[in-house]
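In what follows, structures are represented as structure tokens.
In what comes next, subunit A is part of two complexes: it sits with subunit B in the first one and with subunit C in the second one.
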Partner chain A sequence: MKRFRFYARLYILMISQYIKARMQFRSDFYISTFAMILLNITGIFSYWILFHSISSIDGWNFNQLVFLYSFALLATTPQQIFFDNLWVIRISLRNGNFIKYYFKPINTLFYYISEVFDIKGLGQLGLALVMLIYSSVKLGINWNLLNIIMLIVFILSSALIMISLMLLAASISFWVIESVSVIMLIHKLSEYSRYPITIFNGVFRFIFTGIIPIAFIAYYPSRYFLSQGTFDVKVFATPFVGIILFMIAYRVWTIGVNRYSGTGS
Partner chain B sequence: MKKYFTITKKVFRIITVFRFNFIFSIIGNLLYIIILYFLWGAIYSSGAKKLNGMTFNQVFVYLSLASTIFMLFSTYLEWGMSREVIEGSIVMHFVKPVDLQMYKLFESLGFVLINFVTVTLPSILMILVVFRPQMPLGINLIFFPLSLILAYFIMFNIDFFVGLLCFYNESTWGMSSAKDSIVMLLSGAVIPISFFPGTLKTIVNFLPFQAVYNIPLDTLVSYNLNINDYLRNIVLQLVWVVILFIVNRLFFRKAVKVVTVNGG
Partner chain C sequence: MSIIQINNLCKNFKVLNRHQGFGGAIKDLFSRDYKIVKAVENISMSIEKGEMVGFVGPNGAGKSTTIKMMTGVLEPTSGDILVDNFVPYKQRMKYVRNIGVVFGQRTQLWWELPVIESFRLLKEIFEIDDKTYETNMGVFNELVGINALFNTPVRFLSLGQRMLCDIVAAFLHNPKIIFLDEPTIGLDVSVKNKIRGLIKELNSMNKTTILLTTHDISDLEVLCKRIIIVDKGSVIFDGDMQKVNSIFGAYRVLRLELSEQNNLEELSAKIMSNFKCDKPPEIEPCEDGWINITINLEEIKLIDMLNYLLTLFPLKDIKVEEIPTEKVIREIYEGGM
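Right after this comes the complex of A and B.
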């Protein structure tokens, strides 16, 4: 507990320094927040266009798809805000700066990710919440205490899945330095968690459930809220998938960290 | 002209170092195409043979090629320009007897060529072999490459414009992804233009974006166009190339005045 308090205090200190530094570039903050929101509005907008011609996709109507979309967006937000530094790991590995993370008596992963707090992710969070509230009002979802608790549990577990996938992708950089395309691939894959998994055939359903479990990022947890009473038991596997995946990802990261030997300069 | 092609060759050499990235770019694109296949399969499964005059096959070819063309045109031009402004190395272009717009055009041409060989060709082969799509085979096959080349010139100018905007602020990610979102949506690369509701379709037709994706792709997949339509589309694209080229010339003259490079 003492250790946790220590890390929490350290995180706040480091992030406030980071935010102060970023706020020198205020126009960057406004433009990237705008771009972040635009990026996601584009996604919803294409559904809106599509639903001029059709009334449902695989039994899902517009509001249900918006709910699924906003759930996926909410689940990827913690990764976006707190783990954004993973995108550029190749740069510090290549120029040797990564060696500095070994020199402090704190957790290497913690030290690395606490250097960046992605402010524009807050725009994404805001948009996701607005969309979630809009669609759940339209769908008449009853937000009783149990449902709110389940929402928090599911969001946290889905977020953990997303973080683990990105951590795994970023860890590949320890073996192959120019691996930004792997991170991009995982990032793109996570965007496909916005579609109902039932549109795929058996093979891809298996891959997205069992191997790269993006179905647990949004599809299964959303089912809990969208089909009250008749959902699949797989829904409740979500927290376990998150925890197990994070344990694997953290293990791979540790192996990578132990393997890195700097650039020699 | 020869000096500009040297720039193209230079890029070609640098890029071949990063082979690992290309493999994953191809995988990423194929995955997106598979997703498209299933998503639009589900959309068409309700029984409709045609939606807005397009069959499943046409939509599939249209959108999978749109994604492949997006990869083809990914030259990260505005990223390079923004980095040069921040680092200050942009002044090196000003002291040389080369025109910046032409320099960047030939530099991005190098990226396009390498993208074509490494990502576009394998993707197109995969689309043809795995999904065996049907499309009209006729004079459109001559107009498609022509239209695609003009589309590249339009896209280059849009990228260059955003690159010039990066002279004014340091938000490269923001500018670049805002551009991608707007271009992809309003060009039909995410949803074919024929699915757009009436007013939106009219607005989009007055914008340059649909000339990048919708015109070449429509040329390729549509059965309803004749040679006059093809020619009219080509002329429209040419007009956009000229307009955007001139706009960028004028904008460059203005933007170059705000560049400040400290020391060196």
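Right after this comes the complex of A and C.
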């Protein structure tokens, strides 16, 4: 607990300094936030156009899809905001700068990710919340205490899954030099989490549930809210998938860190 | 009990035997054909508390690998390593509280942040109490006037300023051992002197043990009494700097730019016949028409050689340099020191 407080305090200190420094480039912040929001609005917009000609996709109506989309967006936000530095890990591994993370008496993963805080992710967070509230009002979801608690639990679990997948992809950099393609792949696949998994064929359904579990990022947990009464065991497996996946990902990270030998001098 | 105790330290790397061409690249994907590269082979040394030791050797000699094992980045293949009663790679988190590491080419400060914020973060990370922090920062300001740089973001510092900051930052948590890797690389003479002065001061102040890697011989002359030379993964010399210095001091490299092409063999023969001695000067051609003549000052006076050369042909340019580490190492091998 004392250690947790130490890290929390350190994180806030590091990030507040980081934000202060980034704010010197204010236009950079505004433009990237604007672009991020626009990107997601166009995503929703394509749904909207689609629903002009059809009334539902595989039994999902427009508002349900917006709910699913916003759930997925919300679940990827912590990874976006706190773990953004993972995208560029290959650079510091290749030029040898990664070695500095060994020389401080703090956790290497913590030290590494604490260097970047993706401010524009806050814009994504805002948009996702607005969409979630909008769609749940339209759908008439009853936000009683239990549902709110379940939402928080599910969002945290889904976020953990997303973080773990990215961490796994980034950790591959310890073995493979050109690992950005793996990170890209995971990033692209995670975008499929915005669709009901039932629209994919059996092979992909199996992959997205059992191998690269992106169906747990939004589809299964959001079914808890959208089709209440029908209880699928997979819906409640979400937190466990998150925890187990994170344990695996963190282990792979640790093995990679121990294996890394840096560059000559 | 020595603060650094290393016995028969070895580090092997497994490297894939690569095949050529596209077909070879495909083959490599499935190949299990590894070769073992011995980066460090049986290094032993012990360093006492408060010592400042120069750790030198040509590129690829195994210096970096040894330092990485000492700082806990790499796990040794075999052998023992004990620094301040820690096995570095096993107890990294606890161990690094007692050491400071500076790599000349890369900063460990926060690139985007003003200098003072980097120091504040280090204070938090190493859990340094206020009193120690204030005292040390005061000392650093006295030594290098660091307060003037406080509000400058690290990325706006000049290389020299950044190096000064990086060095004092490594001392902030009062570590017992400091590893300095090329602290003067790429700096001009006046900044080099400033950095040497700083290192000397910091070493004597708290009796901090310092292991210094450098290619700059004058760093060693100013700072180190003891020097350890490694080559091909093994220690080939461990002893008094003065002994090595006598080798450095005894040789000069005379670099000449000739105004016309000369036959090198003919030139060699002329010099050899004019200066008859046990260790004849070594003559080798260099890029862009320069030639290097390495002479032993005990055998031949520099001025005699110059005078003689001037009688032979017109010279465009002359430089006199110290001999490179590689040559010193060869001397040590041959001289059997």
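One rule holds in what follows: the second predicted complex is superposed on the first by the 264 of 265 C-alpha atoms of A that agree within 3 Å, B and C clash if a C-alpha of one lies under 4 Å from a C-alpha of the other, contacts with A are read in each partner's own complex, and residues count from 1 in each chain.
Definition applied: a residue touches a chain if its C-beta (ideal position, glycine included) is under 8 Å from a C-beta of that chain, and two chains touch if they have at least 3 such contacts.
Just so it is clear, the model here is predicted, and its values are computed rather than measured.
Engineer: Quick check on the superposition: with subunit A as the shared anchor, is it clash or fit for subunit B versus subunit C?
Structural biologist: fit
Engineer: Tell me which partner A:R9 touches in the superposition: subunit B (first), subunit C (second), both or neither.
Structural biologist: second
Engineer: Contact-wise, after the overlay, does A:I99 reach subunit B, subunit C, both or neither (first, second, both, neither)?
Structural biologist: second
Engineer: Which partner chains sit in contact with A:F240 here, subunit B, subunit C, both or neither? Use first/second/both/neither.
Structural biologist: Neither partner.
Engineer: Spot which of subunit B and subunit C makes contact with more residues of subunit A, would you?
Structural biologist: Between subunit B and subunit C, B touches the greater number of residues in subunit A.
Engineer: Looking at the overlay, does A:W175 come into contact with subunit B only (first), subunit C only (second), both, or neither?
Structural biologist: The answer is neither, since A:W175 touches no partner chain.
Engineer: What is the minimum C-alpha distance, in Å, between subunit B and subunit C after the two complexes are superposed on chain A?
Structural biologist: The answer for the closest subunit B-subunit C C-alpha pair is 10 Å.
Engineer: Across the two complexes, what residues of subunit A are contacted by subunit B and by subunit C?
Structural biologist: Shared contact residues on subunit A: none.
Engineer: Under the touch definition given earlier, write down the residues of subunit C that touch subunit A in their complex.
Structural biologist: Residue list for subunit C touching subunit A: 13, 59-60, 63-65, 68, 71-75, 89, 92-94, 96-97, 99, 101, 103, 105-106, 108, 110, 112-114, 117, 120-121, 124-127, 153, 181-182.
Engineer: For subunit A, which residues are in contact with subunit B within the complex?
Structural biologist: 25, 27-28, 31-36, 38-39, 42, 45-46, 49-50, 52-58, 120, 176, 178-182, 184-185, 188-189, 192, 195-196, 199-201, 204
Engineer: Mind pulling up the subunit B residues that touch subunit A in the complex?
Structural biologist: So the residues of subunit B touching subunit A come out as 18, 20-25, 27-28, 31-32, 34-35, 38-39, 41-43, 45-46, 48, 51-52, 169-171, 173-175, 177-178, 181-182, 184-185, 190-191, 195-197, 200.
Engineer: Considering only the defined contacts, which subunit A positions touch subunit C in the complex?
Structural biologist: Those in contact with subunit C are residues 6, 9-10, 13-14, 17-18, 21-22, 96-97, 99-100, 102-107, 115, 258, 260-262, 264-265.
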